[in-house]
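Report on the following structure.
Each chain carries a letter (A, B, C and D) given by its place in the written order, and its residues are counted from 1.
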Amino acid sequence: MQESNRKKLVIGVIGADVHAVGIRILDYAFTDAGFDVTNLGVMVSQEEYIGAAIETNADAIVVSSLYGHGELDCRGLRDKCDEAGLEGILLYVGGNIVVGKQEFSDVEKRFHAMGFNRVFPPGTPPETTIYWLKKDLGVEEGASRTTD
Amino acid sequence: MDEVRNVKWTRDDFERRRREVLTQWPTGKDVNLEDAFEYHQGQKPSKVFSNALNDAKRKQITLVQPRAGVPLVQDMIDLLTYLQNEGEADLLPTTIDSYTRQNRYHEAEVGIEESVRTQKNMLNGFPAVNHGVRSCRLLIDSLERPLQIRHGTPDARLLAEITYAGGFTSFEGGGISYNIPYAKNVSLERTISDWQYVDRLTGLYEEAGCPINREPFGPLTGTLVPPFIGITVAIIESLLAAEQGVKNITVGYGQCGHLVQDVAAMQVLQSLTDEYLRKYGYGDVNVTTVLHQWMGGFPQDEAKAYAVIGWGSAVAALSHTTKVIVKTPHEAFGVPTKEANASGLLCTKQMINMLGEQSLDTYSLQDEKVIIASETRCVLDKCFELGKGDIARGAILAIRSGVLDIPFAPSRYNAGKMLPARDNDGAIRLFHPGNVPLTTELLEFHQQKMEARAKYEKREASFQMVIDDVYAISKGRLVGRPRNE
Amino acid sequence: MDEVRNVKWTRDDFERRRREVLTQWPTGKDVNLEDAFEYHQGQKPSKVFSNALNDAKRKQITLVQPRAGVPLVQDMIDLLTYLQNEGEADLLPTTIDSYTRQNRYHEAEVGIEESVRTQKNMLNGFPAVNHGVRSCRLLIDSLERPLQIRHGTPDARLLAEITYAGGFTSFEGGGISYNIPYAKNVSLERTISDWQYVDRLTGLYEEAGCPINREPFGPLTGTLVPPFIGITVAIIESLLAAEQGVKNITVGYGQCGHLVQDVAAMQVLQSLTDEYLRKYGYGDVNVTTVLHQWMGGFPQDEAKAYAVIGWGSAVAALSHTTKVIVKTPHEAFGVPTKEANASGLLCTKQMINMLGEQSLDTYSLQDEKVIIASETRCVLDKCFELGKGDIARGAILAIRSGVLDIPFAPSRYNAGKMLPARDNDGAIRLFHPGNVPLTTELLEFHQQKMEARAKYEKREASFQMVIDDVYAISKGRLVGRPRNE
Amino acid sequence: MQESNRKKLVIGVIGADVHAVGIRILDYAFTDAGFDVTNLGVMVSQEEYIGAAIETNADAIVVSSLYGHGELDCRGLRDKCDEAGLEGILLYVGGNIVVGKQEFSDVEKRFHAMGFNRVFPPGTPPETTIYWLKKDLGVEEGASRTTD
């Protein structure tokens, strides 16, 4: 894949969440899979995601939330994106996005309603996310660097 | 801010800050020290945390404690009553929600309202500041066991004021252990000073005859933390606490998974904390220990999670820690139901009681103790050196320079240059020492351990190896072997 | 009956009995050795039990095996498929029902019919004799892992004939271990002779190039059996099997609960079995080991049961046994559901894999090995002496006289004079030695251990102490302390 | 309690069941509680219980079954007792009397229907059985030897 063709991702952990391990690994895995990654780290506000997405001309925002407040933290992100001119930007969310062990199909519905394109259950491996990112962003499998 | 030093605060200094603290949120105005002392003095001795711990230490038994927090008061009472009666918990927690931990009391208020409205728990813990002194006492009065505040709050001054006045007799945290793993942008000067406030407050209670137990948070990021790092932080925070008048300290450690390394670490944790406290003039502090069951990523399967819980319990029993903090079979998913929480407790209790009479006396235990103690002394003595004898100053400089370095920490004040990985037997060693000032012999030891593993796995030691180790337990192993294996 | 001796049977002797055996139940007529050999020879190597075990031993890993048996064939296939795929079992069992174990094939037939009629499992296992050769092959062909017959049958000759011809490649039991704990009125002459038959049959398969693994039942009554008793029986049955041509033996041991004693026992089990086999001319036998997770009474609470399962897994891993037999969280109640069975497996697997790299090297491990090995030699050498060099004869006389004595056994041929109890650390010792011929030093050792416990508990050592120990694990402890404690 | 007043029990493990530990402990506990115990051990047939009950003029038969075949083994015991002239003799059953973990109230119903006076779930402690035996046989608490 050419440098210029690389798809651009903004990633980070939303809200007051400090779980730092997963996002570091996602950064490593997405980069390794051929994406251009802007990693905002932990405790990222909605405004910071949007600012970074505008600045880097990002193709997708990948929101991580582990600590359980994901539902409160993610509200309104899609609207704010629209307002900021990021209409239609791909929004992913994953991690442990609600409090407690809940029926995932319900959780998925609620986050879809909030405007997220894809919602992932706890413990989703990076490979899965990469698979969907490539699909949704139209990256051809052969063209990308593979993890070995 | 004045330069932070490890010196006992004057009453004036304390009172000056106190006025600020108590006005951070309306509930602060209900705090009254005299009334609080009276409430504590009237408490049943069996409900005082330090009594339970000192008693267990004397009897060489291990007490069992869960984590638990829900947003609403009555739910919290129900939950803890269940864990006490059905879960056979010896010690009870009150885990604080993440907004409160960041002093975002307005958002916590929204979380409370949403929880009432949706009948779902919208917060991941109990917002004690918003609920205030009276609600805390309602908790305490409704239960038979001692209660502790468990949180992860860089600035926990108001939380301490309210929950101490509310009758809690133990408080987790410290200026390093509740900053580096729990914050991104808060300076150590800030948090060490804020925790001196909490410790001084604790000292005031102690001086009034109301023992309050303090517990530095041992596991830090819970992710491949080499034992000596956790022990060093525990000792520093003990020294800082003792200077402010704290008399009851529980030092903690997060299980690594390697039996001998874990038992050695628990023994060194106790003996070196005692030693350094004595050496610096705080010989009258009661030191007890806590082991946290595996603090990293858990397997999703509940039966597999029980194995991880069981193994943590076995290590706690074999190292005779004073207490053990329990995980649950829901760990990989989210805040557990009360039933799942009780299951974790009962599994732990069974293991602790089965193994309580047994001990370990391995040859390698002696070696491992020498190694961990030497590593700890290297770092700790360097901290004193950097601080020109002042450990508050020294700790700040040590962390800034990576002399004391916590892996996978979110804080930008942490160097993050040291990289840990497991050796071929599963013990946590240094893959890359960064600026950690170990002796040449110790560095060589770590290097050889890593080389042995690399050779066995027929691959170079690399960050991929570290990642494999991060995932390992959740995927059913201790050592993260190459995927094709 | 001719006097039983440890001498390889002639083909004539074997054939003479064989005609009788195959007519005990109509399904016996379907057994054809040539056809059976062909079936075995055509088997995938990965489905042959001995291959899996020898491979695991070489790699120093521990394989995981459940118990499982239901009355109907298709249910049995479904159950094993589930345990294989969802439970990640490395080795599969077929547990036989209790009527078949007593050769009550008519009652087993009623059980099958009732199970069909009521849609409930009215038998506690799989009645393989009634189902016959073809159904056994259906099982074998439906699964990917090696299968073993697990039972408890004093006279298992027809069962072996049918299940060997049916393609099973491992068979549990032995003349002592499937008599004394499993029968009331059957003489040892009878069962040793009947198991010589099974072993000779196994030898015929071996000679035809079809390896069949044999596994003496290590845990015996599962109730406070001191390690040396189980090890002695295992070695005797290995010698008897080897003489008849058995080439693949797995010696077993039921976890006692005391880490050091258990690891020591596993190591002595392997080394002394090897030693005695070599000494008596059977150096070409492959010996592997199995640890049975706690075989006594279980706690009812499932979370507590997981602790017991987890501890057994930890011991298996730390002693690097070739395989481990797994209990389930339903143990205290009844035959487990397939889900409960898989949970036990997954918990075990997680523990085994987490701990597989670790080992124990304690000081007391060395002492304990010396003690267990010395005890075993005392009893075993006395058996040879009683038998004037013949171990078949010697074993019979030893059990009759209480030289070899199995606690809590139902058989009237067992002396039952020796009484075991735990010492103050939880290891199983002798409270009363009965006629077990230990040296004065060893007897003194046991006595002192019991005195130390009695003193600690401030009570006399008595049968009440033994009862307390029998209940202990089900009540959450290892050592049965006095109730008022 | 006078020797002659002692209530007489016949106990044993029914069928092809060889679980020998529990019955030994029950023997010890019942004797200690002041009963006259005839312990038939394991693998006891219905005929043996009845024979022993007639011979000792027993007040109750306590059937233990652990291995799961209890339901098959116990059928018809009440009728055989009646035929042998043991009308109304107290019949207890306990242990792990069915295969698997089943709803106990159902199990109890089935065994009541088979003529057992009391049916006990897995892990019933000896004290409970003793309590009911004394109640059903009219033994006064004060008069009996107590376990200490």
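In this text, a contact is a pair of C-beta atoms (placed from the backbone, for glycine too) under 8 Å apart; a residue touches a chain by one contact, two chains touch by 3 or more.
Bear in mind that the values here come from a model prediction, so they are computed numbers and not experimental data.
Q: Which neighbours do chain B and chain C have in common?
A: none
Q: I'd like the Å distance between the centres of chain A and chain D, where a centre is the mean of that chain's Cα atoms.
A: Inter-chain centre distance comes to 66 Å.
Q: Rounded to the nearest whole Å, what is the centre-to-centre distance of chain A and chain C, using the mean of the C-alpha atoms as each centre?
A: Here the centre of chain C sits 54 Å away from the centre of chain A.
Q: Between chain A and chain B, what distance separates the C-alpha centroids? Give it in angstrom.
A: 31
Q: Are the chains arranged, by touching, as a line, ring, star, complete graph, or other?
A: Shape of the chain contacts: a line, open at both ends.
Q: Mind listing each pair of touching chains for me?
A: All touching pairs, sorted by chain label, are A-B, B-C, C-D.
Q: How about chain D: which of its residues touch chain C in the complex?
A: The touching residues are 15-21, 24-25, 28, 41-43, 67-69, 71-72, 96, 98-102, 122-123.
Q: Where on chain C does chain B make contact in their complex?
A: Chain C reaches chain B through residues 257-260, 299, 301-304, 306-311, 313-314, 318, 342-351, 353-365, 424-426, 473, 476-479.
Q: Within their complex, state which residues of chain B touch chain A.
A: Of all residues in chain B, those touching chain A are 97-99, 101-102, 104, 107, 110-111, 114, 120-124, 152, 181-185, 221, 223, 296-297, 300, 330, 332-337, 340, 408-410, 463, 467, 470, 474.
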